[in-house]
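Common to both upcoming complexes is subunit A, partnered first by subunit B, then by subunit C.
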Partner chain A sequence: MRGELHYDVVVIGAGTAGLVAGARLAEGGARVCVVAKGVGSTHLAPGTIDVLGYAPDRVVSPSGAMEEFVVRHPDHPYARLGVDAVAEAVRWFEARVEAGPVPGYRYLGDLDRNYLLPTALGALRPSAVIPETMTAGDSVVMDRVCVVGTRTLRDFHAALCATNLNRVGIPARSVEADIEVDRADQNSLGLARRFDDPSWRAAFAGRLALKLQADERVGLPAVLGIRDPHSAWSDLEHRLGRSVFEIPTLPPSVPGMRLYEILRSALRAAGGRLVLGGEVVSADREGSRVTAVSTHAAGHNSRWAAEWFVLAAGGFNSGAIELDSHWATQDRVLGLPLRGLPAPGEPRFVGDYLAEQPMSRVGVAVDAELRAEGADNVLVAGAALPGAVPWREGSGEGIALASGSRAAQLVLARSGAPAGAAA
Partner chain B sequence: MSAGPTPIDDLLRGSIDHCVKCTICETQCPVSSVTPLFPGPKYAGPQAERYRVADEPSVEWSVDYCSGCGICSQSCPQGVKIAEVNAQARNKLKRQKGIPLRDRIITRPTWLGRAGGGPMAPLANLTIDFKPFRIIGEKLLGVHRDAAAPEFARQRFSRWFKQHPSPPTGKKIVYFHNCGTEYYEPWEGQKVVAILEHNGFEVVVPKQDCCGLPLQSSGLFDDARKVVLRLARALVPYVRDDPDTLIVGNATSCTLMLKREAREILSLEDDPDLKLVSERTYDICELLLEMHDRGELKTDFQPVNEHIFYHAPCQQQGHWIGKPALELFALIPGLEVTEGNARCCGIAGTYGLKVEKYDIAQAVGADLFGQIRGSGAGEVACDSETCRWQITHATGHRSVHPIDYLHRAYGL
Partner chain C sequence: MATLSTDVLVIGGGATGAGVAWDAALRGYDVVLVDRFDLAEGTSGRFHGLLHSGGRYAVKDPHAAEECVHENRIVRNIASDCIEDIGGFFVTTPWDDPEYADKFAQGCRATGVDCEEISPSQAFREEPRLNPSISRVFRVPDANIDVWKTVWAMARGAQERGARVLPYHAVVGIHRTGDQVTGARLRGHATGEEVDVEARVTVNASGAWAGQIAEMAGIEGVRVLPGRGIMIAMNHRIVNTCINRCQMPTDGDIIVPMRTVCIIGTTDEHTDDPDDHHVPPTEVDQMLEDGEKLVPGFREARALRVWTGVRPLFEDAKASDTQTRDVTRAHALLDHAERDGVNGFVTITGGKLTTFRLMAEDTMTAVSRHLGDERPCLTKTEPLPGSEDHATYMLGERLERKEKHLADEQLICECELIPRWKLEEAIRRRATTNLDDVRRLLRLAMGPCQGGFCIYRAAGILHGLDGLSAEQADESLLNFLKERWKGTWPILYGDQLRQTRLDEWIFQGVLDVQHLPTAEAQEVSP
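Right after this comes the complex of A and B.
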């Protein structure tokens, strides 16, 4: 058929779950194409691997808390995946980081203990596996904190961060760094490009050193390089003679962009294809199987036929699941049945904005193997899964890594690829 | 041409309501990352657009520094038509400020090609290489003295084709050779024809002109509409009555103009001829990959033992079909390919020729040029001719269209 290409697997979505599924499928020998409307949530999230942060109290050990958590939430993705799957996916991820395009960059941590890291607001946030460049921010480090801000980076207010850290018992103060500017404001990526430049960095460190006191560790917004952050971070630690750590910023997220580039490279290195700008506009079915999806392209749409599909397009936040003005909720990508909807007549929203909303666990209905209900060859991964509230639980990346990996393993096992090829 | 809003205009402008200010486009923009003169796609687009009122003067002038590469629209997870909205804002600005003589000249590749190509080529090429002439050109017209300028070919592609008509096979395909092939690189067109004929096509080359993209990207919309519709009228008779006949082109920016940009940016969604041409137009690599997928592409490839660098130009990425050239390269034994991940070479058609934008264009391309130099690759493959000229100008590496390697591998 004109306008059609065939693959073993088509993955829909280029966030963490989609890229992980795509990369692992390609590594396992499948011909895979990842299609996405645009760049995913990586550029907005802090770039940490959050596995389980709140259940609902703050979690010290994700692996220790998991058993009780899944008993209380039997419909949660973790109940289907299990903690071992998360651990396996994290090991795979760490290996891809170390083999990836960002030299020297690595993630540290495990599922047995959460780090407790300062946010840009000076709150403490639990996360299991984090960039090495953030580790000195952990609350177990006893040194006082000096939060360094710059007027050119809006939405990062060092004084606010330091004041709030003091309130949670971390001794902290703030200073403003002098950065010469050529524009009214600079986003985090613009600053990160400057930190990639060794001579610029040296001058910055020289000026900052004069403002620091003894026994202080330095917290900077997470802008320490985009191409070579390991060099930027270790160079600053060396020049300042103390621990330096990154604090995630408001979007765009530089650590998230590094993460995207690492996963994108893993996909490409394994021969997987990536198509951005291609929103899925329709799907063809034969009985209980999806045979092809069509994506929006210039002039004529593209049709992607495959044996298997991995739906990793996200949930409400990405627009993949929609509540329309007639109060109808739908999966806009493949039109699959949803789960987690409030019963007819029950409230969909509660007045307290930050409370758990009745709609927040909505996702594409799946069986125990993450297979979509009513579509035998569609596996669901990431924020499209029902049963989780990732932003409250601090569980988004753990779910994305483990479910993306699981989808890849299930497809490879079913399609007769060598066992363990995805491992 | 009616001045009133059409549904496509409403669609473009309406899309800005979907902007959630996530800043992903800001991270992708190659221009705002090197110059403060352009504040970025989100600022110039969805945000500034709210202050642009149809009949009132433009409030914001930085959008002239947008190169129109379109990466913002491609990366937007919410489907906001950022680049398209900005192109229309640029048009409004040009109508308000007036259009420089330079922009009226360099956006007319057909005029230039007819003036300098063919028998005039040796003389015209002397003036292109002659520094004092280029300095005068910069002072008088504002075309940067160092900007990459291709040499005119002694024989136009269409003249060559008249002497080498395609043998009839009954399986017709319409070849849209762009101005770059016609006046500067006729050998690229000859290779396209050879590959298509090798695969059983009877190639048809209608009389044709520019697609209007240079006019559109410089904000000369009325002229661009006339030019693209003239092209659509020239091509449509060949596809109207035969649902199996396709139009194929090797200039990826010009095929994108036919496929999408003219319809959206120039508000020509309702023109039936253009719509039909748009639906039938294929980029050459897109066509060949689909043929391979159907088992229709000959694969009698000889090894090409080379290490090349591939840069997918912005306009190729704007087709929203990924990078089919990479999958074609994978069919050729011995060919080692380094895929670049730089966003843009900087030239953006005529943007990098302009004296006030030349330095920006070179700064935009610096990332790509560094990747090419560091790759250890010999030649650079790239689907757009102006990008190839920019790459060769900046790096000294020879740069060719991806189909060159298929042509070599076929031994044609």
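Right after this comes the complex of A and C.
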């Protein structure tokens, strides 16, 4: 044991839900530490705030569709959280973005209308609140699009994107950009670092301008800067004299990494602590309360004691919930009871790739206030919650923001912190 | 309708059929090779990849063992580029009859299997993950064989000598005039266009489907009982030597290291339908349990993919009653002139992959007789294209190359280390729009992520290279994902389920593949 640390609240998981919970707890005056095995799904997802995209038809207005959606899915996290909680969390988030470490970077949009954003495949994906750098891609606007790719980035294929956009009626073509790089392979992050460099960017824009036609919007892979994306994006718009927008690539997701930096910064600015690289290996309990968790890193265990715990470690995707080779399912973090499992004898998965899989809605069982069943001082947030299929619904960040916020508010309300501190 | 004219029409593009085409081309005959799907997509592409030393049959079927000994030596030499010399152990576990080991050693001596008993401690030094309670170990010259590479090398070699190879052409009728078979009518998979092939001799090398093809020629009683078996690929080289249980052949008794993975096999269930590919959950559990007996901790590895293959177990209704499966693993050459009075038609079925070359030789020797100019077989010594230097494949070849070209080659598939130029070359050479064809050629998407990252890239490259329409590229991508899912969903657990969730996030979340125009069109149509 390396040592014992004591906090008011320990948050397990450093994805969107965990970082939001941690930041809001810290802002509310709690002494909080976020411990996690590693970063969460921010680095994999497109970096947009998806609230409700499909139900199962494409959703035009998340706020408008929510009422019927929760009636049809009474076990969904939204049925416990309500649309107002999502809206409140989004407002909190937008304020943190503006105050954040990425100057000028903004998120735009609201819950009343989804943007329709081109994917790297050229499908149109609905999302409610998105980085400003993506807004010109909104396909409600049918202006001509030039999708710009580069051979060196294998995770974005502009021609395929453009031809698929054509199929849904958006006039689009593609061009290959010449890029000065020293190796045949660049991932999104490597290119984003280049775009942070003003002189490199100017040379890129100069060469690209020659290939563009009048009245075209320009769609680029989402690699326009990691440290200073607002400058990169607005500089390109200025130099090219037209709207420029980012299209998410395969992981690693640069907009997702910016989102992570914003949330991490909010946590730290409020005095919270973040410790990565420590997987929770055991928990101490007293009756129906968890008193401490132990993490393992670099050959040592550390013990984290707290009054409250927020479990935001994700589901099967992160390994927090596991289906083992004997077909038993367990919460590997705290060993809490699960919900959403197919009944014994029912299939866990089905052969139709495009169908919803029976194992998709598994999560840690909670009561109406997100309190884990069987652990009075554990609140659950994000993808650890049962009842949702975020990658099909387009609901991941909405759930994460609202449930992370709610968990923070519930803890603060019960632990006697100054009233309204989390708001 | 197009008409092709040839000496030999070969129906069935598995290892046997491609072997017949290669043998025929080397003998100087004109040949047309057809398959209803891709080459080696049937039984040949659905086995565990073992080139038998003969040990497996040393007690049960000495004749088959001798054939394996002989063919193993030849195939290592002529198809060296497709072979990895992994070697094999036969191990006695606590669950095996201890008396079998001596019978095994004796059987190997009698049949010429090159077999040496080594101490368990030596075996554990070489394979530290083996079950420590193994009591006896025999070393044999097992190898693995990349069957897709082998089959395409034979097809390419035949093409270089004038053969025409038509994958995705199903036989819709056999032409028969009186007692003479004169060829077949084919239908192209993509276009539906029909092609007539006029052939002096037609070879039915359709394996488990041989009875169906024979019936089209009006020949009854060619009964091939499909024996379905499952195999599971695990994500590591858990072992680097082929591990066989030292017992009478049974289910789940072999682990074959194959390129970046290990394959455990297999079961044997009779089925009436050779296209039956369902995976019973009990058989998955049985494989994992059996794997655990050979390598404790086997269950902790990730199961990447499961598939089933059907052995063609031949039972000639016209011959004396052959009841047992043991007898029917031998191959059967039916000269229908002798058997049924039908000229110009020969069926080759049964057998096992290790003896594909011998099956092809026997077949072409009979065909050559029909053609009236008995030309000699050359396949014993002629190397397949790519194997001219007789050097066997070494695991690590791709990595070695990648390290040399770290900065100047783009990697498309990280799991299998496939550079962009290699993918582009394969797409051009095959002129295919089917990513599953590319998978078989290059092992694209066969590693741990099962295409999570490389398949979008490959679809983008395919689209750009071939000037493919978006419809075709999307269809190719979606078909690949659906095809992959068939082999994934029955074995999803542990970290592979986690991997699959990432893949779902990528395709359904980031790319929104299920809402491409094609998918929507498919959803509204009945």
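By our rule, the second predicted complex is superposed on the first by the 420 of 423 C-alpha atoms of A that agree within 3 Å, B and C clash if a C-alpha of one lies under 4 Å from a C-alpha of the other, contacts with A are read in each partner's own complex, and residues count from 1 in each chain.
Assume contacts are C-beta pairs under 8 Å (C-beta built on N, C-alpha and C of every residue); 3 or more make two chains touch, one makes a residue touch a chain.
What you see is a predicted model, and the numbers here were worked out from it, not measured in a lab.
Undergrad: Just checking: does A:73 make contact with subunit B only, subunit C only, both, or neither of them? Give me first, second, both or neither.
TA: neither
Undergrad: With both complexes overlaid on chain A, does A:37 touch subunit B (first), subunit C (second), both or neither?
TA: First partner only, subunit B.
Undergrad: Output check: A:392 vs subunit B and subunit C. Expected answer is one of first, second, both, neither. What do you get?
TA: A:392: touches subunit C, not subunit B.
Undergrad: With both complexes overlaid on chain A, does A:46 touch subunit B (first), subunit C (second), both or neither?
TA: After superposition on chain A, A:46 lies in contact with subunit C alone.
Undergrad: Given the touch rule stated above, what does A:121 touch, subunit B (first), subunit C (second), both, or neither?
TA: After superposition on chain A, A:121 lies in contact with subunit C alone.
Undergrad: Of the partners subunit B and subunit C, which touch A:319 in the superposed model: first, second, both, neither?
TA: Both partners.
Undergrad: I'd like to know which partner A:211 touches here: subunit B for first, subunit C for second, both or neither.
TA: neither
Undergrad: With both structures fitted on chain A, tell me whether subunit B or subunit C touches more of subunit A's residues.
TA: Of the two chains, more subunit A residues are contacted by C.
Undergrad: Answer with first, second, both or neither: which of subunit B and subunit C does A:251 touch in the superposed model?
TA: It touches subunit B and subunit C both.
Undergrad: Which subunit A residues are contacted by subunit C in one complex and by subunit B in the other?
TA: 44, 182-184, 251, 318-319
Undergrad: In the complex, go through subunit B and note every residue touching subunit A.
TA: 22-24, 26-28, 33, 36, 39-40, 73-79, 246, 256, 258-260, 278-281, 289-290, 293-294, 317-323, 326-327, 330, 339, 341
Undergrad: Mind pulling up the subunit A residues that touch subunit B in the complex?
TA: For subunit A paired with subunit B, touching residues are 2-6, 33, 36-40, 43-44, 182-184, 187, 189-190, 193, 251-252, 257, 261, 268, 271, 273-279, 295-300, 302, 318-319.
Undergrad: Residues of subunit A touching subunit C in their complex?
TA: 41, 44-46, 54, 58, 119-125, 151-152, 154-157, 159-160, 163-164, 166-168, 182-185, 248, 250-251, 253, 315-319, 322-327, 348-351, 353-354, 357, 359, 390-392, 394, 396
Undergrad: In the complex, go through subunit C and note every residue touching subunit A.
TA: Within the complex, subunit C contacts subunit A at residues 288, 299-300, 303, 406-412, 420, 453, 456-457, 459-461, 463-464, 469-471, 473-474, 477, 481-482, 484-486, 489-490, 492-495, 497-498, 501-502, 504-506, 508-517, 519.
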